[in-house]
Structure formats: structure tokens, C-alpha cells
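Here come two complexes built around chain A, the first alongside chain B, the second alongside chain C.
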Partner chain A sequence: MKTIDIAAGSVRELNQALHDQAEHCSEREFVVTNPKGAHNIACGLDASVAVDIHGHAGYFCAGMNKSASVTVHGNAGPGLAENMMSGSVRVKGDASAAAGATAHGGLLVIDGNAGSRCGISLKGADIVVGGNVGHMSCFMAQAGTLVVCGDAGEALGDSLYETRIYVKGSVKSLGADCVEKEMREEHLTELTELLNRAGFDDNPADFKRYGSARELYNFKIDNAY
Partner chain B sequence: MSEEQDLNVQDGLRESATFDRVTMNEIRRAAETGIYDIRGFGAKRKVPHFDDLLFLGASMSRYPLEGYREACNTQVTLGTRFAKKPVVIDTPVTIAGMSFGALSANAKEALGRGASAAGTSTTTGDGGMTPEERGQSSKLVYQYLPSRYGMNPDDLRKADAIEVVLGQGAKPGGGGMLLGQKITDRVAEMRTLPKGVDQRSACRHPDWTGPDDLAIKIQELREITDWRVPIYIKVGATRTYYDTKLAVKAGADVIVVDGMQGGTAATQEVFIEHVGVPTLAAIPQAVQALQEMGMHREVQLIVSGGIRNGADVAKCMALGADAVAIGTAALVALGCNHPKWDNDFKKIGSAAGFYDDYHEGKDPAGISTQDPELAQRLDPVEGGRRLANYLRVLTLEAQTLARACGKNDLRNLEPEDLVALTVESAAMARVPLAGTNWVPGQSF
Partner chain C sequence: MCGIVGLYLKNPALESRIGELFAPMLVAMTDRGPDSAGFAIYGDEVSDEAIKLTLRHPDVNYDWAALASRVETDLGTGVQFFQNNNVAVFKIHSDVDSATALISEQTPEVLQLSAGRSIEILKEVGLPENIAQTFDLQGMKGSHIIGHTRMATESAVTMEGSHPFSTGEDLCLVHNGSFSNHNRMREELRRRGIHFETENDTEVAAGYLTWRLREGDSLNQALENGLKDFDGFYTLTIGTRDGFAVVRDPIACKPAVLAETDDYVAMASEYQALTTLPGIENARVWEPEPATIYVWERSQPTGQPA
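Then we have the complex of A and B:
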């Protein structure tokens, strides 16, 4: 296990050490101390390493993650795990806006609450939030899953494509083209599996499912004159 | 006056300048369909442009270079501010971002082949990077767009530069559009969306807002690529002075300013014609901003939107640009709107030279289409050869003008080498009206 103190070094040195593992993985476990809200911690990882960040992380923590397992023992700023491809990211506290934005794969777990636009433009990753999510979550989300064990803010799933959303608590309002859908057996199975992977013991039967009505999928474009 | 107008005059008929036939046709079209007109191409209205500027060749007070033999450098290095590995191009004419999806795979390959043969860069678009494009492009700029379609760190690391797109000249403030008829299985898979869905790309980035956030985003991209490649910021020409300053502050290595004549694959006609400012007006604003910050030539400026010939290239450089980008002209070089397909254009209600319904995917020239039968009309090798030839002509023409002005490097051209033909262009370009010392807004 290697410990890197950001206060004594820099984010650049940390990230370079982590990136070097893609070429030749000499160290499987990293502990990061004194992050003090620094931005871009552990972004662009491309190796099966475990990174434990002890403290709060700033913007874009674990951005574009591939294969790595990153845990923030604190809160995370905007753009947490943005465009993640695979692996997993967990935040023990809360996450700010745009958590999991455009993420293509992997699992993002937020033990606390997530801010606005959680899962915006999601492209295939799974996100499980233990608390609430803010307004415009899953805006234009294309694929993947968002599970919210608390409440959802305004305009949930606005202009949604094929992402599936499960919410246990209340939904303040649904966005354009987002509708409540029947919870079938396959959805209960999927939700059960996601809650298990996230380590949450909520009852899947307490959730409602939301998805796209698919009414906005096509313009009428026959306007050639 | 056209022959048709002559006939009208003879018949005593008078067409309204306000409600001309094109305008009335659009009113009827809107009344019939109930939806705005969507089309490709760039602004078709006449705006002050580079044709309104002239070079002052050398005479008694200036010493010209011998036109064919004396050296005139065209090589430019982009991204010298922070990147470990800046992009070096042999000609200051680059290929602008155009997506696979909007264009066929053959067209993208041809652009890569042509650019590589001429020693310059090409650019991905709102649809990710294809292996064909990467394979055929010796220098490839990877666009980082609001939609993030196909965005992934592997392709990011394969890029020679990253272009963060905030907007484009054809539609500043608007997102991309790729309608369902062009969404084949491959395009759909690259964009993670169902086949046949109209893809209306986001107009703003999903995970940052404002220039302070952008500075952190740029740092993230640098961290992911270990500070190896330059980061460009592309904006549509609107509030260019302020956008340039904010882009420099956010940490850009290169700024790309796209004027309103810049093309698009599809957007609303009203957007194309009524939003943004002409390229000519934008360049001096960007250069002023860079100069005030002491960053002119430190942060390079690429200009696009309506560049057609070597004179346009040279005029951009004289106004302070470090390089230009071409999109529409590159497609025309490949064969877009070629008269040999005129019968096929007529079958779809258009004509060679007028075709702009790129969004419909029926391009007879096989360029802005995903139809395999149409796409095979463009041979990527031949297309690449044509584009390389065209790029060489642009470069030779620009060199000719630079030598005539006594310059041994295209970047030594300066505003002092230019005059304007109209008051409007003099005001926008900030050069004197020909035959006077008058620069509107600067002297009386």
C-alpha cells in the first residue's frame, strides 16, 4: 500500500503515479491524505487499483475512471466520476452537482445526497444514491440506471432517453417526456441486484420506476418544400 | 439584373425587396408544414467578408520577395503555452470539426487523407473518433463536446490535441442535430442511442458552467493526458472579445473562433442566418483581447467561417490569426454540390450548388449521408487527393500574396498590409478605407 500526501506533493504527482500503474502495475492500493478539496484527484485512471481518499475531494474526482476502485471518505465536488467507463467509485458523504455525468459504465455509489443534475447525459453506468438527488437529475440521460433511496428534486428525467430511474421517496416533479412506469419482475430483479452491489438494504418493493415516454424521439421533419 | 427580373421590368412588374420570392416561399412552406426549416451549410445571406479587403502590395515604400523562389514560411506550431507536445502543421490551413454521422465514413477518411498529405490536422466531431479517421490522420484534434457522444479516455489519449467546443459559428448557443434517417446501427452505437432517434445534442456542457469551472475542466483534461497535448477552446463568433479573454484565463492553449458563415450539418435556418457575427468582425476582437493580455502568438488563434481561397487565408493571417480552419470548402473540394450529380440533386428538389439539406441523408455526392450506396460514390483515396491539392493551392496563393507584401512568413502579414473597400468592412476589420487614412471608429 502506498500513501501519497497531497499537502506534501501535488495532484499532478499523485495522478502520474496512478497513471503509471496502467503500464506496469507495481502497486495495487493507494491511500491519499490531505486532499483538502483539491480538484481532479485520481482522474483518468486505467488500472485495477484501489484508491482511498481520506478527506474531501473537489471537482471531477475520479473523472473518466477505467477499472479502478476509488473511495472518497468525505464529500465530493461537482462532476464526480464524470464519464466513468468502468470500475467503481464510492463517496461516503455527499456529492455536488453532475455526479456521474455522461458515465458510460461502472458503478457510482453515493452514501449521502447528490446535488443537481446527478446522472446528466448518463450513457450506461449505474448510479446508486443513498439519500436525495437534486433537480434535473438524469437530464437527457441515454442509458444506464439511477437508483435514489431518498427523494428526487424537480424535473427528474427531463428529455430522458433510455436510462431507467428508480426512486424510493417522493419526486417533486417529472421533466419533459419522463413518466412513471410499471415495475415488472425484471425491474425488481435489476433493482435488487443494484442495491446489493451498493451495499444498501432498502426494500426494492418500496421503489417506483420512471422512464421515457419516447414522445420526443422524432421531429416531424418532412418540411422540404 | 437577371434575365427573369428584366422580363418583369419589361412587363411592368416589380418584386418587393422585403417580400421577395425566397421570403414568400418560406412563408408558404411554414404555413403548410407548421415547423421551422432545418438545413445544413452556413449563412447564405451576404455579409461583409474578406472580399471587401485588399492587400497593398509592395512598391516604392515596400520591398517584395521574389514570387517563386524566395522562402515564405507556412509552418505553424499550435499549443506552445502548456502542452508538452504542441501540434506542428506545415500549412496554416486546418480541417474543422465535422462528425462521423453527419458525414460518411468515406468522407471522414478522405478528410484525414487529404489533411495528412498536406501536413495539416483534421478534427473529429459530435460523434466520437472512428478508427478510419485516426488511422488516416497524422494529426487529429479530438473534439470535447457538450453531448460527449463516444467520449472516452482511450481516444482522448490517442488525440494530438483536444478541442473543447463551446459553440460554432453557424449556431452559437445551440447544440448539434442529427436526425433519425442518418442514424445507422454504427452511428447509434457510437452515440449510445437507439437507431432512428433524432439526436439533438446538448447546447451546454453537462458538468461545468462558466469560465471558472472551465479552468478546472481543462486541468482535468490535462491531468488525464499527462499534460501532453494542447487544449483548444472553440467558440462561435458573438462576444468574441470577452470570450477570448475568458478562454485565455481558463487556460486555453489555442482559441478557435468560428464566424457566422461557418457551416453545420443541420440546424434551424433562422439560427444560421440570424445568430452570430461575420468572421471578418470577429478576428480583430479576438486579436485585441489577446494583445491586451500579452498573449498574442503565445495563445494561438485559429479562425474559421467562409474561408475559400488563399486570399482569405492571407487576410485572416494579416488580421492576426495564426491559422485558419475550413469545413464547407473542404467538402466542396471532395465533391459536395458537384455539377456531375445535378440530375440526382433535381430528383430530390435541389440543384448542384444549392444543396443544403444535409440532415436528410440523401446527398447525391455521397458525403453528408450514411446511405451505403450513396456513400460509395466518394472514393476516399481520390477525395483525399483532391483535398490535398486544394490545400496546396490555398497555401501557394497565401504565399504569393505574402511575398508580394514583402513577407517571408505568413504570420508576418499585418493589418498595415490591408485596406477595405467598404465602410462596413473597414470598421469591422479595423483597417483604413481604401485611398484614405480613415478607420471608422478609430479616427476622423
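Then we have the complex of A and C:
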């Protein structure tokens, strides 16, 4: 296990040490101390390493993650795990706006609440949030899933494509073309598996499913100006 | 961009250290706003019969003593003052209107940055670190303080366009974002008698609050009305004689983080600016909700969404 103190070095040095593991993996476990809200911590990883960040992280933490497993023992700023490709990212506290934005793959788990636009333009990753998500979550989300164990804010799933959304609590309002859908057996199976992977013991039967009505994203002359 | 920081002390024992606690917060937001910086500090309150003005002259050798004696003679009242670089704080046994009218008539080159019983505003063009040094922020005492680091978008990089903006007694505003309807709103407010010094969008928001408070709104009501009338992106922090308020627009495009301990409430655009505060590791840290008004005032100690 290698410990890197950001206060004694820099984020650039940390990220370089982590990127070096892509060429030749010599160290599987990294501990990061004194993040103090710094931006871009553990971005662009491309190796099967575990990174534990002790404290609050700033913008774009674990962005573009591939293969690595990153845990933030604190809160994370805007753009957490943005454009993640694979691997997993977990935040023990809350995440700010645009968590998991454009993420293609992998698993993002937020134990606390996520801010606005969680999973905006999601492209295939799975996001599980233990608490609430803010407004405009899954805006224009294309693929993947969002599971919310708490409540969802305004305009959930606005202009949604094919992302599936499961919410246990209330939904303040649904965005354009987002509708509640029947929870079929395959969805319960999928949700059960996601909750298991995230380590949450919520009952899948308590959730509702939301998805695209598919009225907006196909070209229709009625939608044109 | 722009950065906002605010610190409101719940524990009076920290008041002698507010400058020392706040200076690193302001400097931490340099990346968000390297063009100009400023802060409004509250404390050293004058009695109900007196007022306090923060005045600025471009010449650091300006003869403030001469101005003070002219004010004393013309108003027939006592004046105390102290100088801090190119700014002086005047304490006058008078009312704001008489003192302001006299000073602007006698010395039009002197700019009034703030008026009230508690507030002092200091701001300049340049890096936050330089501005903190220029005014010896580290050594300042007070009960609460809000500050701003500016990356200019809507108007020029000038001292006048720097935040905080104050258009009413003991009231000031710092802003991260931009207002789209500031031109029309400025015209409407001018017709209602609000005076503006600049073409800056944030000054319009400050003027709007001054107008609403004059109409009898509480700070909370004024901000509720602001949520309806402001069109644009904004995180605002508002300083009052008794405390401060934080509000974000309904879309919450601009960031904000709050932290609270038994000793203080702190606000910043980014958590980075809070990391030097004592006990921050165990503070309650959260993001203010969109379109929700948070107020901490001595008269309203509960603090939470008002």
C-alpha cells in the first residue's frame, strides 16, 4: 500500500503515480490524504488499482475512470466520475452537481445525496444513490441505470433516451417525455442486482421505474418548429 | 467564474481572529477570480447616534485629516477617522444622508464604498493576496465578513466594478454569476430613486434589495421577491448588520458550499476555501438547495432555511 499526501506534493504527482500503473502495475492499493477539496484527484486512471481518498474531494474526482476502484471517504465536488468507462467509484458522503455525467460504464455509488443533474447524458454506467438526487437528474441520459433510494428533484429524466431510472421515494416532477413505467420481473432482477452491488439493503419492491415515453427523440413533424 | 466566501462567527471569542481566519479563504478563491477582490467586514459598531463611512481616494497620501476637520466644521459635530492604505473609515455623529451629501459635494473625488453603523468595505483591482496585504486583512477584527474574487464577465475590470456592492446602510452583496435583465431592472430602479455608480449587473441586485427593504420587506421577503425578479445565474451572499444570507438561483448553476460548527458558519464557492478553518474536518458540510434562502443573523439564530 502506498500513501500519497497531497498537502506534501501535488495532485499532478499523485495522478502521475497512478497513471504509471497503467504501463506496469507495481502497486495495487493507494491511500490519498489531505485532499482538501483539490480538483481532478485520481482522474484518467487505467489500471486495476484501489484508491482511497480520505477527506473531501473537489471537482472532477475520478473522472474518466477505467478499471480502477476509487473510494472517497468524504464528499465530492461537481463532475464526480465524469465520463467513467469502467471500474467503480464510491463516495461515502454527498456528491455535488453532475455526478456520473456522460459515464459510459462502471458503477458509481453515492452513500449520501447527489446534487443536481446526477447522471446527465449518462451513456451506459450504473449509478446508485443512497440518498436523494437534485433537479434535472438523468437529463438527456441515453443508456445505463440510475437508482435513487431517496427522493428525486424536479424534472427527473427530462428529454430521456434509454436510461432506466428506479426511485424509491418521491419524485418532485418528471421532465419532458419521462414517464412512470411498469416494473416487470426483468427490472426487479436488474434492480436487485444493482442494490446488491452497491451494498444497500433497500427492498426492490419499494421502487418505481421511470423511463422514456419515446415521444420526443424520434423525429416527428409535430415536434418541429 | 468568480469566487465568494463568507464567515459568520457564532463564538464571540473568535472575533479578534476573523481576519486571520478569513484571509486564506479569500486567497484560496484566486483561481476563480484573479481580476479584483474585496470584502465587507462587520464589527466595531458605532452608537445609534453615529454613522460609519468607508471612503476611498486614489491618492494614498490624501489629506484625510483636512477632510475630517471640514466635516466637523460644516456639520458641527465630532468626527473620528482612521486610514487604511487609500481608504479611510470616518465615524461621524450625524446621519448618513447629511454626511454623504456633504462629502460628495465638498470632495467629489472621494468615493464612498459603504455607509452604516457596522460595515466597512475594502476592494481593489488585483490578486486577492495583494488586496489582503494592502489592507492588512489578517489583523482585522469583527463579527462577520463576506468577500469576493472577481473574474469579470459583464463589465470592465475596475475598482468600481469590484464586489462587494453596497447600495444601502450596512447592506452589501457579493455575486457569482450573471444577470440577464440588469439593464431593464436598473432603469426601473432608477425611476424608483435608487442611485447606481456603475454599469455592473451585481450593483443592480444590490439596488434591488435596497429598494425592497425600503418598501418594508424583511431580508427574507426581499430575497423571495428577488428569486421572482432576477433573471440569470447567481449565487449571492448578502451581508447585513446582524449576519449574512445565502441564496442560489432555481437552476443552481453556480456552486456554493456551506459549513457549520459550534463556532461559525462559513460559505464558499468551493470547499477548497474552507479547509483552513479550525475544526472543518468535523463540520457539517453541505450544498445550499436551489431557490432556498439561508439566513444567519443574531436576531434569528436558528439559521436554517428561512
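One rule holds in what follows: the second predicted complex is superposed on the first by the 219 of 225 C-alpha atoms of A that agree within 3 Å, B and C clash if a C-alpha of one lies under 4 Å from a C-alpha of the other, contacts with A are read in each partner's own complex, and residues count from 1 in each chain.
Note that in this section a contact is a pair of C-beta atoms (placed from the backbone, for glycine too) under 8 Å apart; a residue touches a chain by one contact, two chains touch by 3 or more.
As the structure is a prediction and not an experimental result, all values here were calculated from the model.
Chemist: Mind working out whether A:94 is in touch with chain B, chain C, both or neither, as first, second, both or neither?
Modeler: After superposing on A, A:94 lies in contact with chain C but is clear of chain B.
Chemist: Should A:38 be classified as contacting the first partner (chain B), the second (chain C), both, or neither?
Modeler: After superposition on chain A, A:38 lies in contact with chain C alone.
Chemist: Between chain B (first) and chain C (second), which does A:16 come into contact with in this model arrangement: first, second, both, or neither?
Modeler: So A:16 only meets chain B here.
Chemist: Should A:56 be classified as contacting the first partner (chain B), the second (chain C), both, or neither?
Modeler: second
Chemist: Give one of first, second, both or neither to describe whether A:102 is in contact with chain B, with chain C, with both, or with none.
Modeler: first
Chemist: Looking at A:163 after the superposition, I want to know if it touches chain B, chain C, both of them or none. Which is it: first, second, both, neither?
Modeler: A:163: touches no partner chain.
Chemist: Who does A:140 touch here: chain B (first), chain C (second), both, or neither?
Modeler: Only chain B; A:140 stays clear of chain C.
Chemist: Mind working out whether A:78 is in touch with chain B, chain C, both or neither, as first, second, both or neither?
Modeler: Both: A:78 reaches chain B and chain C.
Chemist: Enumerate the residues of chain A that count as touching chain B in its complex and touching chain C in the other.
Modeler: Dual-contact residues (chain A): 39, 58-59, 78, 97.
Chemist: What residues on chain A touch chain C, complex-wise?
Modeler: These residues of chain A touch chain C: 36-39, 55-56, 58-59, 75, 77-78, 93-94, 96-97, 115-116, 134-136.
Chemist: If we count contacts the way the header does, which residues on chain A are in touch with chain B in the complex?
Modeler: The touching residues are 11-12, 15-16, 19, 39-40, 43-44, 46, 58-60, 63-64, 66, 78-79, 82-83, 85, 97-98, 101-102, 104, 117, 120-121, 123-124, 139-140, 142-143, 161-162, 217-225.
Chemist: State the interface residues of chain C toward chain A in the complex, per the touch definition above.
Modeler: Contacts found on chain C: 251-252, 255, 270-275, 281, 285-287, 290.
Chemist: Quick check on the complex: what are the chain B residues that touch chain A?
Modeler: 25, 28-29, 32-38, 147-148, 151-154, 156, 179-180, 191-194, 196-198, 202, 206-208, 213, 216-217, 219-220, 223-227, 348-349, 357, 359-360
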